[in-house]
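One structure below.
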């Protein structure tokens, strides 16, 4: 028997992220059975209630000490992953990060592997694409004033400038911010060619989108660039036509066209009455990684054995082919460039360009 | 063409109105009744989910759901009042805090169970979408709608509570329940009605807020701080005070974010701290 | 002439348009037993509030033992020997009488900031507190929580708290209201007997008490001193009769 | 015999577990007046509060116009015609003087004009908030407020406390008219025995929560020995 | 009842209030049980001890002086970051880290106490809330120092006394936290029964009367607030040291609110209120979220509601009332 301790934010502000990761995990187990290499897989869920590294660390300790967990997984938020990292190192247990997207996470313990994304991976790619192919040389950036936002801002600006673009201004917005009109007005005053946005998912994307529309910023004239969250499914739904023509770079959308994905989406919908998102796919791929690694080690859940097994592992995920960089244990994947469009009666993100085999640019730069 | 400062002013007032509709109910329960109702936003959430469900799943008109949001929250609150709140009117603030936080917790769990943890987007009617152009300013229609509602609610409440015998009875009962009862005031009924009114307004506020701040189970907690700020800055027991506070906070928040974005997150709290230090009982407070 | 311990100079106070103190000049000699009377709302309590610093005057000064205390905080004045009681009970509802008075004694002895030792080690302070309570016949109810004391006992506790500050000047705001007449006499006697040097100014509407204990009476009307004099002179003053005493027989 | 207005049958009551009143019985006819005397803490205020319904009844019954009201909520009792002036006045601080008066007013001969005539001082301070009044003004307001409910029975807990002698005179006169012309019954708790006995027809003296003596007021007034024994008052010496 | 005929009776009476009872001794002995009975729960136990210390510090100002604070986590957070930064930039010795944290949090408490002591009621609550939120925003924007929302990186704590390493099982963490908690509890117990404790209760009962008995209540409040801040700082430092992490959450409104709820749940104004509240709340949360990680707050909510309805004034307040009634019969 193998126990996987899943640490997530199941309650509080980030409850939905935890729920979706969980859905991904459950769906994978439903499809692939709960026995691998002759061992029964048991999931133990723990709730951190939010970005609490101390709680995450305690839960990780308890999972290992009390519940005798063999593998740690989950981690919606970077602080959670960072809190548990030292435990995985000390206990020599595989730790599968299914979301937390700050670059440094995987460097904190040799037993960490990430299957989700790193923010710079997206922001950097988008910036380069915007200058080279997107036809914009002047950008304004708007990000939420917290770790991931600052990360995204840094990555975007750096890559944008390196590609020959110019950053005309930037603003960091409070994390809890119900009204964006002032920030949008500021951006508008500078009349930029494009605006890059990073804000966490939830209620804000729609609010920001509506603020753009109210201020008369037309995505047809001013390119609105962003990562995936600001144009996620609920945001688009609530914005309606106002979302049309917004451009984003992201690694997964439920509209991705592939057989694997359409099966996945169908199964997911049947089970949970909603569409999967990148959290769900993170959970799903994380489980795949664990299953495959266990098959390779023949059910040996020892941390070193598992880590050796996952290095370089490559597989087809609903988002396309992804693989684990053996040096950084970080995910390498395709970044899609999408535009919000009307397809039939639905308003959805449509992929129209892609950049393959994107590694985390931060760790790549560090190596140089 | 009007200079941008008018735009900022308009946005600020409109933002203030959002805060106002969310908090005016608390201004009734906490301000008038002195009941520390931290479950306020739970009643708002109830209104919100009702509206979202009716609009999304039953294709109701958004406008038609608004009175229902009020009624539903008011009705639910009467039940709560009977079972829980009533027994705590005389208890200390701290017991009230504990009870209402408990209720808020439960509401979050129930909402998550019934509606899931995802956001509940709603599409407002076309009438309220987009903006109208006024001397070069683009005024969001929904914001104009909010301003109108806030003004109507304020006038109704000020007239209905602050200048009537009913209002005086509420205040009397809050000041001294024993004496109020001893004079023949039906304290229980007075409180129940006031409470239903406050919660109904919360429900209405919740329904109106979805368009701007969205709706998920955590709604019960996220806006609690803002709501408390408005009520305390306005002054306990004063509806007009809440309105003034909402405008002040809204305008200074928007203006701050526009002119000094670095201070964005600080400003609302700074304004509150400064005002409360200058006028401890709030702008219009009488106690 | 004896030494003046408390005096006011041209004290003015108004609430909006309502004048509650108008050019008040007051001199309390050491050991005096002064009564302050006047119609309801004349400004008697306000005057006490001004003298003790609970209200700030619009103009004028207050001297305590020759020192100008107008700008001092209330507790500073208490520490200089100016104590008061409240017309409407202002007690510590959740403490018992012993604790409350012990607290006042500790404050006076400057040990109330001591957080590293048990109160019980301060035997003298506790006994002093208990003595005061016993003198006011609160000895047996001193372990009862204040909230549950009958009103009359609470009135006595008001006085006990003031006494615990060992005042030189004591301002009593209707101390006997709610206490049976005979007992109120005893209260006054107990207070007066504490020390010959204690200067007393009391507000009272019970003329039995006033005429029995006051050596001098000040009549306040509409915020200004109407007249003052010996009890006999005041009792006979037709003006005072008309505005305050009424037709009944007093004293 | 006519139905008494108020009748207490063997009432035992107190606060929580503490029993303060022990087996009190009394009755008060329509338009009657009763003085309640006794030392501090014997339970005079508790008796009034029990009639209002604010204590825990342990036994006995309170009967109002023939109906058992022992279980009736205080506000129902007030509406039925019992007015209460509490010992600590309990003015509503966040209401103005006028609001204090009108908040629970019920129609009848006592209206704003009437009470302002009785207490002109209140009329001068009509815009003040309840907590911006002098002690005596609050006392007037407490009495006036109870009058505004136009009760059939007034429970008065030391209503003269803190009032200037002239006002006391006027209030006494007003109470006499109240009793004689308006037909309001009163139960008066008072430390000033002479005033209490002058105003009332009957008197009871409480001792440790029980009725120790009962007599017509006029008779008790002369019975200095009993008064001295039970109330502790040397009437002759001080009056 | 205490006899009143001997002179020292009142003194005896006051002394009797501070006597150790058998229940108390049993309580503290029971805190050792986790070592034997639940060795797998030691890290939880250590976080409970830390939270209990935090609640104890809040009790001093809230329960005793009536100063309701919704921003107490500011001091907890200052302590947490102080200890973290100290270990990162100076050295990782834990005891000195605690002292530094106490000093910094105490200083911050002292500075803000000048504002706090001038207000009451809702105004005070909102001011503490505002100051707490401002502290949070400062910590968030001082990204370069605090690590912002990712939390502080690079906290390394040396073994306690150079011997006891902070182990995975939490033996050291719990022993250390429990010892610190007990020490400060003893101090608190002293304080509560001291003249100063009496003065604080006086302030809680009637602030208006205090100046009239010559009390400088503001100075008292400032002092209590400073002490409470320092103790909260120590609690924060303990959390950092036992988990080798410090995060924004330690300064958040949520933490302020949680500790308030725990204290009220246990019974404010009672020495053991914070401790009992922290124990019950945290164990309940752990157990409920073990059962249903997504819905545990449903059960917590029910717990709070039930406690308020059945045991007003917190668990201890309610129990003591029931006990008093029962013993009177």
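Things to note:
We call the chains A, B, C, D and E, going by the order they appear; numbering starts again at 1 in every chain.
Basically, contacts are C-beta pairs under 8 Å (C-beta built on N, C-alpha and C of every residue); 3 or more make two chains touch, one makes a residue touch a chain.
This one's a predicted model, so the numbers in the text were calculated from it and none came from an experiment.
Each step here moves to a touching chain, and the least such steps from chain A to chain C number 2. Steps from chain A to chain E, minimised over paths through touching chains, total 1.
In this structure, the chain pairs C-D and B-D differ in their number of contacting C-beta pairs, and the larger number is found at C-D. Averaging Cα atoms per chain gives one point for each, and the point farthest from that of chain D is the centre of A.
The chain with its Cα centroid farthest from the Cα centroid of chain C is A. Inter-chain centre distance (chain C to chain E, centres taken as mean C-alpha positions): 41 Å. Rounded to a whole number, the gap between the C-alpha centres of chain A and chain B is 35 angstrom. If you average the Cα atoms of chain B and of chain C, the two centres end up 48 Å apart. Centroids of chain A and chain D (each the mean of its C-alpha atoms) stand 75 Å apart.
Along chain B, residues 108, 112, 117, 265 each make contact with two or more other chains. Counting partner chains per residue, chain E shows two or more touched chains at residues 137, 140-141, 294, 297. Shared interface positions of chain C, i.e. residues touching 2 or more other chains, are not present. Residue ranges on chain E touching chain B, taken from their complex, read 68, 115, 119, 122-123, 125-127, 129-131, 133-134, 137, 140-141, 253, 257, 260-261, 264-265, 268, 294-295, 297-298, 300-305, 307-309, 312-314.
Chain C makes touch with chain E in their complex at residues 52-54, 73-75, 78-79, 83-84, 86, 90-95, 98-100, 102-104, 106-108, 111-120, 122-123, 125-127, 129-130, 139-140, 142-143, 161-162, 164-165.
The touching residues of chain E, counted against chain A in their complex, run 40-41, 43-44, 47, 137, 140-141, 143, 147-151, 153, 168-170, 239, 243-250, 254, 289-290, 293-294, 296-297. Within the complex formed with chain E, the residues of chain B that make contact are 84, 87-88, 91-95, 97-99, 101-110, 112-113, 117, 225, 228-229, 232-233, 236, 265-266, 269-270, 272-273, 276-277, 280-282. If you check the complex, the residues on chain E that touch chain C are 1-2, 4, 7-15, 18, 190-191, 193-199, 201-202, 204-206, 208-217, 219-220, 223, 227.
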